[in-house]
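Have a look at this one.
Per-chain numbering from 1; labels A, B, C and D assigned in written order.
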Amino acid sequence: MSDVYEPPSAFALHLGYELTEWRENFARYEMPIAAFIRNRQGLPHGGVHATLLDSAMGISGCWTGDSDRRIMTLTLSLNVQYIGRAGGTRLIVEARKTGGGRNTFFAEGAVTDDTGMLVAKGTGVFRYRPG
Amino acid sequence: MSDVYEPPSAFALHLGYELTEWRENFARYEMPIAAFIRNRQGLPHGGVHATLLDSAMGISGCWTGDSDRRIMTLTLSLNVQYIGRAGGTRLIVEARKTGGGRNTFFAEGAVTDDTGMLVAKGTGVFRYRPG
Amino acid sequence: MSDVYEPPSAFALHLGYELTEWRENFARYEMPIAAFIRNRQGLPHGGVHATLLDSAMGISGCWTGDSDRRIMTLTLSLNVQYIGRAGGTRLIVEARKTGGGRNTFFAEGAVTDDTGMLVAKGTGVFRYRPG
Amino acid sequence: MSDVYEPPSAFALHLGYELTEWRENFARYEMPIAAFIRNRQGLPHGGVHATLLDSAMGISGCWTGDSDRRIMTLTLSLNVQYIGRAGGTRLIVEARKTGGGRNTFFAEGAVTDDTGMLVAKGTGVFRYRPG
């Protein structure tokens, strides 16, 4: 990961996911599959994959290369497809900005586990927050 | 809430949300806005609303009226629109099944806060899990 | 329908759908189920329902009450759920704006046929076009 | 294109799009940008891109390699992101199946124009029709 630092959100700390790569139009987070993320069937909750995709897609459009110049976004819409079942011990999400302009942007991403299984794919529309 | 009991998932316990109403084709969860759900802008993380919508829409199609006869679902796809900014102290999600058949069903839901502000709306497609 | 007139698009003329109600935050279109809208299974093509939802949701945010003051929008994202099978002779779509601000807005809508069957539901995010 | 033949739907004939490549888990359609597909701003209507994506994603999961053995699908949900503005004279959609099982499958696709501009991306969930 680059030396541009982005402090984790309270929610990222609570769930245990971390930004492990960040560059222009790209971001990756990783997360251990802890017992506390399980749904009533014993699998990682769908909300976990949605959270990882929302975080990674959002920040993929916020790279500035400068820790002191932070850009914030608001999610306008999020779409998640639940394609496979997570195994292994970690979830990895990678996302990239796919288009947009000064005010809004589009991104897409994928969640895999550390065995390489495709777990979920997502798309989103985001808005840059003024100021 | 009815006396049909559904034990909370590990993830629901970790985030602090609870099923407060459940009947045929309908479910409601409520959740305190704790400090640990905040994103880097200090607002409830978008993944929280996605989690609440996924949980409530999914279980809206699982009512049997009998605690011993449980139905499980898998989320196929989830769509969330982030419409307003949460204030107040609690989030409330209400969801209803809107259609479907024996194998798959459709649902929609809305997240509001306890001041009545509309925060997010969602739709989803779910699959009943055999067995 | 009100006496505020909005000329149909070329595509609306080609498919045969017409604006039959329009007011602040609301729009309705209707469309005969012609033979030329059928898919390879003999049902109205999913793209027809998407078209009706996109048109009705988009224009639901464009009411000004004045035929000479037109507002244009761009669709940012569109989500459609295909819930039922159309019968009857006409499709009806009703849509409403559900939120948003000066630059972007959210809408939702439903397509039914003239027997009252729910065929599809949709949500969308739209952007006002400057100028 | 392969010599496996799939007759166009009535709607495909009415809009003028044709299957130009089809193989296991992949499909491409092409379509001239005719005057009759324009919206009230003079651009191809968003419903056109939705139609192309729905058609291509759906049929990407229906390849059998045998014109006499046809598989049919129903679209459960469709998501479209409108990323760029179409120019040129033709629209091209390419789609691939990304996962799924015996009953339902997932697909994604992209619409470009013949200048190479990315116009729209989409995802969908589909159900195989029994029989």
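We take it that a residue touches a chain if its C-beta (ideal position, glycine included) is under 8 Å from a C-beta of that chain, and two chains touch if they have at least 3 such contacts.
Just so it is clear, the structure is predicted and the values come from calculations on it, not from any experiment.
S.K.: Where centres are the averaged C-alpha coordinates, which chain has the largest centre distance to subunit D?
M.R.: B
S.K.: Count the C-beta pairs in contact for A-D and for B-D, then report the pair with the higher count.
M.R.: A-D
S.K.: Which whole number of Å gives the spacing of the CA centres of subunit A and subunit D?
M.R.: The mean C-alpha positions of subunit A and subunit D differ by 28 Å.
S.K.: Rounded to a whole Å, what is the gap between the Cα centroids of subunit A and subunit B?
M.R.: 21
S.K.: If you average the Cα atoms of subunit B and of subunit D to get two centres, how far apart are those centres in Å?
M.R.: 33
S.K.: Can you tell me which residues of subunit A touch two or more of the remaining chains?
M.R.: 76-77, 79, 81, 106, 123, 125
S.K.: Per the contact definition, I'd like the list of subunit D residues that touch subunit B in the complex.
M.R.: Within the complex, subunit D contacts subunit B at residues 76-77, 79, 103-104, 106, 123, 125, 127.
S.K.: Enumerate the contact residues on subunit A facing subunit D in the complex.
M.R.: 79, 81, 83-84, 98-100, 106, 108, 118, 121, 123, 125
S.K.: For a test of understanding, state which residues of subunit A touch subunit B in their complex under the given definition.
M.R.: Interface residues on subunit A, with respect to subunit B: 6-11, 13-14, 35-41, 45-48, 50-52, 54-55, 58, 72, 74-82, 129.
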